[in-house]
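The following pair of complexes shares a single chain, chain A, combined with chain B in the former and chain C in the latter.
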Partner chain A sequence: MSRDAIVRIENLSYQYPRSPGLVLRDINLSIHKGEFLGIVGPTGAGKTTLCLALNGIVPQFYGGRFYGHVTVAGLDTVETPIHQLAQHVAMVFQDPETQLIANSVEDEVAFGLENIRVPRDEIRRRIEWALATVRLAGMEEKHPTELSGGEKQRLAIAAALALQPQVLVLDEPTSQLDPLGSQEVFATVRELNARLGITVILVSHASEEVAEFVDRVALLSNGELAGLNAPSQIFAQADLLPKYAIRPPQVTRFYLELRNRGFDPPSIPVTLERAVKVYDHMRTQIELKPLAVPEIATAEPPGSVLFSVRDVEHVYPDGTRALHGVSLDLREGEYVGIVGQNGAGKTTLVKHFLHLLEPTSGQVFLDGQDVTNLEVSELAQQVGFVAQNPDNQIFNTSVEAEVSFALRNLGIGPAEVAQRVEESLDTMGLVDYRTWHPLSLSKGDRARVVIAAVLAMRPDVLIFDEPTTGQDYLGARRILDVSRQLHQAGKTVIVITHHLYLMPGYAERVVVMGKGIILLDAPIREAFHDTALLEHTFLAPPQIVQFAQRIASRENRALPVLAPEELAACFAKRKGAG
Partner chain B sequence: MTWRTIGSIQESPFHQLDFRSKLMLLLAATFLAFLWESPALTAGLALVVLVLCLVAGIGLSYLGRMLRLMLPFYAIVLLTHGFWNTNVGRTPLWIAPETWWLIGGSLQLTLEGLAYGLMVIFRTLTLILVIPLVIFTTDLNSLIVGLVRMRIPYKIAFIFSSTLRFVPLLLEEINSITEAQRLRGLALEKMSLLQRLRVYSRVAVPLILGAMVKSQQIEVVLASKAFSGSPDRTYLHESSLRAVDYALIILCMGIVLVALWLRMASGLGRFGLPGW
Partner chain C sequence: MGEERQVRPLGGTTIDGAPIAYIIVWAAVLVVLSFVPIPVSAVLGIGGTFPMSQAAYALVGFILGPWAGALAAGIGRLIGIFIAPHTATSGIPSVVIAMVWAAAGGILVEKKSRKWVLALIVFVLSYVAFVGRALTIDVDLGLALQTTLTNLSGLILWLLPTRLLARDWIADRPPAKLAAGLALGCWTVNACGHTVGNALMYYVNAWPANIWRILIPIIPAEQLFRAVVGTVIGVGVITGLRAIGLVKPAKAGY
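And then the complex of A and B:
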C-alpha cells in the first residue's frame, strides 16, 4: 500500500499475568492512515486484548508478558504513558453503562479534555463540535442515564472524538444495542471515517454491517491473525463458520449454499447490493421452482390458553407509561418470540406473567387464575424466568449448589433434589462442571448454569429474556438449541429478543411490540415479511428476508423464506442453460 | 433514577448557591445543634432547616421516609433519657409502684429526662435534614469542583463523585439479584428476620463480584480517557462565589459567633434554664 501506516504491530505476543497461555500470538499488522479496519473472531480470540494493546493499557495497566512492538502515530505503546497515548488513540467500549462516567453529556465530553489540560474556551468549542458530529447537539445538560442505548454509545464516541485522535478504536460498540441503536452507531462511525479521515478499528459480531462498511477485515482466531483481507475475500470463505465460528453475512451463505447445490455463481457477494447484482447475472442460469416455500400457516395453534393478558397497562412509579393496554393469549406448547426495540415494553410485559410487576390496570391470568393472587415464589415453579444478566442470578459457590438452590428453598426432599439436579445438569451438558465455581466458567456456560437452575424446578413454561446478548454466534445458537429441545419436550417457550435473524428455526409465532403496544402478532413468516411494519418500529428484518423480497419483486411472486438455505432450495437450473 | 432527581423536584434558589457556601451552612447548623442543649432552641433550628428543605424542593415523601426510618431510634432515645437520665432528671412524672420487682420505687420517668431526649431528637433531626439540603441541591460537577477548590485532592473528589454516579446502577443491580432469588423460590415475605438477613448476605456475593468487574472496567475506561489522577488539569465549570454566596457565608458565621457569645455571656442555650 502506498499510504502511511498509522499503526504498526510487529511480532506481538501477549500473556495476562494470570492467563494460562498466550492470548495474542505473533501478530503482524499495519493499519493505514484513514483506513476502516474490522476485527472479527469468536469469543476468546483476543480481539479486546488487541484493542487494548493499541493504547498501552496492555501491558501498562495489566502487566503480564509482552513481546514484540506496537507503535501508534510513531509512539511506542510500552514506552509512552497511557494518558499521552490517549490523545492519539481514543477508545469506545462495549458497555454503555460503565464507560460513561460523568453526570451530564457535556461533562462526559469534557472529561478527557480536562485531563489533557485543554483550556476552557477550547473545551467549549470541542464539546459543541463533537456533539454536533454525532448528532447529539442540544443534549449538553442531560444526564447520561436519560439517553437511549444508541445515544449513549454516540456520546461515548463524541467523548473519544473530542480528543481529536488519529485512531478511533471501537470494541463491540453495538453488541448491547437494538437494531436502531446499532444503525446509529455504524452510520456515525462510517461518516467519521469518510468525512474526517479518522482511522477506525472496529470489533464486531455483526457480519452484515462489517462486510458493508469496512475496507479490510482482520480475522482473529485463538490469538492469531488467521486472515487479513477485503471483506469480500474474508467473508466468502466457505469454512468461515465451521473453522473460525464466524457467521458469514446471510446473502453470502445463500450463494455458498447455491454453490453447494451445484450452481455456479460468478462470485460470492458479501453485501446486499452486490448480492442483488449477482442474482441479475445468474437469472439466465436459474429459475424458481414452483411452490418451493411453505405457505404461511394461519391455523390457531393447538393447546389450551395458558396466559391470558387482558388490557394491561403499566405505569412505573416515575410516571413512565411502559404498557398501554396490551391483550394477548399464549397457548400451551407454543414457541413465541417477543421482539421490539429497547423500551418497547417486552420485559415489562413478561414480568407481569410472574407477578414481578402488577398491572396498573387490566389483568393477567395463568390457567384462569389472576396472577396477582399468587406469590412470585409459587409462580416461579410453574413459569421459569431466565433474566438478562446471568451474573446477577448466580449466588452459590458451586454449579451443583446453584442448581439445587431453588429446590432447597422449596423444601423438596434430598433424594428428589439429587435426582432433579442430575437431570438438569445432564440436559444442560454441565455434569462435568458440577463442583466448579460458576464464576470460573465462560459467559456462555454461566448462562447455561442459570438455565439449569431454573429447569430444576421443572416449570411448564420457560421465558428467556435476551438470552443471546453478549454471546457470539455459536454461543447464541447453543442456548437457542436448548430452548428448542425444551419446546420439543412439550414446554411452552417465550423468548424476548431483538436479534431477529436468530429466530427462524426456533420461534413459530412472533409478537412485535413497540412503544408499549402490540403492533403485530402473527406466525413468524408473516411477521418477518411485514418489512414495512418492522422498519417502522426500527427493527431491521434479517438480511435474507430483505434479499428475498428484492428477488420476489423481480420474479413477481411471493418468497416468504426465513433462512439462506431455505431460499437456496427454491432454485433449480434453468432448462437449456449450462 | 438519577442523582439529580432524588428528592428534589425543581430548581430552587438553593440550587443556584455555590457548594462552598452551602457547606458553610451545613457546618453552621451542625455547630449550633451541638452548641445548644435547650429543647426549644434545637426545635427551632430543626424547624428552620425543615422549612429550608421544603423551599429547596426536597420531596415530602423523601422526608417522610427518613423520619419513618428514624422513628424506632427516636423512641429508644426518648425512653432511655426519660427513665435513666439521672444527670438532669428532677421532676418525676411517674414512678414505678413499690410492688414491682427490683425496679419498684426507684425507676422513674422525669420531665427533664424527656425534655433532654427531645433535644437529642431535634439535634439529630437537624443533621439528618441539613445533609440532603446541601447534597441534593448541588450538581455533582459543582460538588467536585467545589471540593477541589477547597484543596481536597482531585482523586478523592473524583472517587466521591463517581461513587455517587454509580449508586443508582448499584441499586438496580441489587434489585435484579433479589428478583432472581425470588424467582428461585425464596419467599421473603414468609421468612423470619434472621432468615432474611441470611438471604441479604447472599446478595452480597454477586454484587461484590459484579462491582469488582465493573470497577476494573471503569479503571480501564478512565485510563483510556487520559485520566491519571493528577490535579494538573483544567475544568470546564467555573466555581465562583457570588454576592449571595458571600452573604450566606457571612450570615452563617455571624449567627455562630453571636450564638457562641450569648452562650458564654448569658448561658443561652444551656439545658435547664427557665423557659427552655
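And then the complex of A and C:
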C-alpha cells in the first residue's frame, strides 16, 4: 500500500457563521492513500464538520471562518469548486433523506454516474453491483420514499459506492442499519478499500466494527484531535468512556473489568478474535465461579393485556406484504424490545397500535377496544409515539414551543403546561436549549426534543422507534434511562431497536421479527442467546454474548450473560495461579 | 492556528449570489403552492381563483434577492401554470407578474442600491396606466381611486421610510420584529406588484364599472390574505434558515 498522503489537513480551525466559537481547533492530520481511517468522538465533537471540510461543503456552502489548509488529491478545498472535488470525494451523509433525490432506486444510483459521464453499460453494471452489495437488489423500481430508514441509508451508500471515488467519506453510515447490515457495509467498504485502493474515512459510534476494520482511529473531542493511533491503542484506554464519552468494544470492557478485579490479562484486546486468543492464554490463571447471573428486576408484575394483536396482515398499496398474520399480547407495565432486520415489519406493527395504519386483515385491540374504532387523536393521549425520524415530528420554531404544542392544543391551563414543559425539558437535558430553534440542534438532540414533547403528554404507553439512532453512547443511555424511569413509574414501554447491546438492563421481554412475522417472543436472556435465530433475521447478538458463547463452548457450560461486567463477575483466580 | 482563508462559493453555482440549489428549491415550493386555490380574487371578472404561491413571491425576493428571486418565481409560476391549471386564471402574463413581485421583494431588502428608484418609476407609471385605463372605459375617477386605494398604499409605503423600516425589521433577530417586517414588506411589495400586474390585466380586459365597484373591498382583502400567508410562511422559513446556518444568498434580506 502506498503511503502517499491523499488528504492533508494542516492547522484547520473552523467556525460556523452563527456558532459561538470554533467547532474545529487546530487539526493536523494526514490520511494516506488506501488507508481506512475511523473517526470517533462524542456528539458535538466536530466529526461531521471535519467530513464536510473534505469535500468543500465547509466552508463553501456554509460560509463561516476557515483557518488553515485542507487538500484532497492535491486540490485545495477552499480554492476548488465543490463539483470538482466531488469527482474525487464521495460522501454519505448521516441522514440519508438529505441526499436522496431521484424517483427510483436505480435512478438514484445512476445520478452521480450520469453526471460524470460514465458509459451507459458501465452504469448498468455498477447499479447492479452496488445494489447487490447493500442488499437492495430487486428494489430497482421502488421510489426511495417507500424504503425504510435503513434501506434509505443503504441506498445512499450504494450511490456513493457506485462512483468508486478516490476518497469515500461516510458519516455514521450504519446508524440505521441492522447489525449484520452494518457488518456488511463495513466489510464491503473494507473490500473496496483493499481491492480498489479507495481511501475510506468513516465516522461511527459502532466501536466493535471500527476496532475490527479500520487501520487507524482519529479521536475527536471538543473540536480537537485528541488521539490518532491504531484501534488497539485507542480503544484500550481505560479512561475512554469517562473522559471522551466513547464506548469501547464490549470485549475490551470485559478485559478492563477483569483488570479492575485484580486479574492480569497479557493485553487488552479490541476485537472478538483477539479476545478469544487472550482468553485461551489466560485459561491457566482463571476459573469460572458458580454462575450467579442476576435476573432483571421489574417494577411490578405485568398487569392485564393492554394491546392484543390478532392475525394482523398488512399489505401496502404497492403490494408489499409487511405483516403476515401477526398475533401478540402486550401487557400493562411491560418493557418490551421489538428487534429485527431492516424491513422486518417492526414499525408497521406499532403503527397499528396508534391507528396510523389499518390492518389489511385481522384486528388490534387496546384495552379490549378495536383501535380502528378510535381516533388517532384519542390514542395519542394514551399512547406516546416517538418516530424514527425526529424531523417528521418537529415543526415549531423553538424547543419550548415544540414541547408545549400538544398540551396547548389539548386545552390544558398555562400553569400546568409550564410545569409539564419544565419537567420534560429537565428530564431530557434540554433546559438550556429551550429558546433554540430545533433545527439548530444536532439530530440526536432533535430526537430528545421529540421525546420531551411526548413525555409532556404523560401517556400511559410509550413507543420509541429506534430512539438511539444518531446518539452517542451516553446520549443513548440517557434516553434509555428515561424509558426505564417511566417503566418503573408504571408505564408500558415498547422500544424498537437494532442496537441489541443497549437493551440489557432495560427490556425484560424481546420480540424478534423477521420478514413480517414474529420469530421469537421470549425473555431477553433467552432471546439474545438464540444466536442462530437472530442471525436468521440479520441480527447479530451483542459482542459480549458471542464472546461468552465462545468461552462456554471451551468450558462446556452455559454462560447466559448479557453484559461485560456480568461476564467478568463469573471468573475467579485459579488457585495456585500467580 | 492556521491562516484565515477567504471563504466564497465557487464554480458558477450561484446566480446573483444565490446558490442555484436555493433557486430550484424555491421554484419547487412555488409550484406546490400553485396547487392551492384561493377563491377571493381581483380576477373575478374573468372568473377564477389565484394560487397561494402569490403570497410567497415577495418572500422569495426577500430570501434570494431581486434577480435570483425573480428567476425562482418565474420558473415556479411557469411550471405551476401547466401542472396546476385550475389556479392559472391569468395564464402566461402571471409569470411576468410573479417575477416583478419577487424582484420588488429583493429590491426592498437591498442595501446601498438605487434600484428602488427605478422600481418606483415603474410602479407609478403602472398606477397611472391602471387608473388611466378606468377612464378610457367610462369608469369615473372617484370609483377608480377607491378601487386602487390598496395599490396607492403600496406606492406610498415604497416611497416613505417605511420601506427601509420593513428592510431593517426583516433583518432583525426577534421573531416579533421579523414578523412585523415581513407583514409590512409583503403588503408593500404585493400592492406595488399588483399595480404592475393590473396595469397589464386591465388593459387586456375592459371590465365595466360594476366590477370595479365589487373590487373595492376584495382587493384589500386579498392583499391582506397574501401578507398574512407570506408572513406566516416567512417567519417559519427564515427562523429555520437562520437556525440551520446555511450560507445566506449574497443579497438575502434576513
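We adopt the following convention: the second predicted complex is superposed on the first by the 444 of 578 C-alpha atoms of A that agree within 3 Å, B and C clash if a C-alpha of one lies under 4 Å from a C-alpha of the other, contacts with A are read in each partner's own complex, and residues count from 1 in each chain.
As a convention for this text, a contact is a pair of C-beta atoms (placed from the backbone, for glycine too) under 8 Å apart; a residue touches a chain by one contact, two chains touch by 3 or more.
Because the structure is a prediction, the values reported are computed rather than measured.
Which partner does A:543 contact after superposing on A: first (chain B), second (chain C), both, neither?
Neither partner.
Who does A:13 touch here: chain B (first), chain C (second), both, or neither?
Once the two structures are laid over each other on A, A:13 reaches chain C alone.
Just to be sure I read the superposition right, which of the two partners does A:106 touch: chain B = first, chain C = second, or both, or neither?
So A:106 only meets chain B here.
Could you say whether A:250 touches chain B, chain C, both of them, or neither, answering first, second, both or neither?
neither
Determine, under the contact definition given at the top, whether A:66 touches first (chain B), second (chain C), both, or neither.
The answer is second: A:66 touches chain C but not chain B.
Please indicate which partner A:380 is in contact with in the superposed arrangement: first for chain B, second for chain C, both, or neither.
first
Which of the two partners, first being chain B and second being chain C, lies in contact with A:116: first, second, both, or neither?
first
Where does A:221 make contact in the superposed view: on chain B (first), on chain C (second), on both, or on neither?
After superposition on chain A, A:221 lies in contact with neither partner.
Output check: A:440 vs chain B and chain C. Expected answer is one of first, second, both, neither. What do you get?
second
Output the chain A positions appearing in both contact lists, the one against chain B and the one against chain C.
On chain A, the overlap between the chain B and chain C contacts is residues 61, 81-84, 439.
Which of the residues in chain B end up touching chain A in this complex?
That would be residues 1-4, 139-141, 161-162, 165, 168-169, 173, 176-177, 179-187, 189, 202-203, 205-206, 209-210, 213-214, 217-228, 232-238 of chain B.
Chain B touches which residues of chain A in the complex?
52, 55, 57, 61, 81-84, 86-87, 90-91, 93, 95, 97-99, 101-104, 106-107, 110-120, 123-124, 127, 143, 145-146, 159, 163, 318, 354, 356, 375-377, 380-381, 384-385, 387-389, 391-395, 405-407, 409-410, 439, 453-454, 457
Could you please specify the touching residues of chain A with respect to chain C in the complex?
That would be residues 10-13, 16-19, 25-26, 56, 59-69, 78-84, 397, 436-440 of chain A.
Under the touch definition given earlier, write down the residues of chain C that touch chain A in their complex.
1-13, 19, 175, 235-236, 239-240, 242-248
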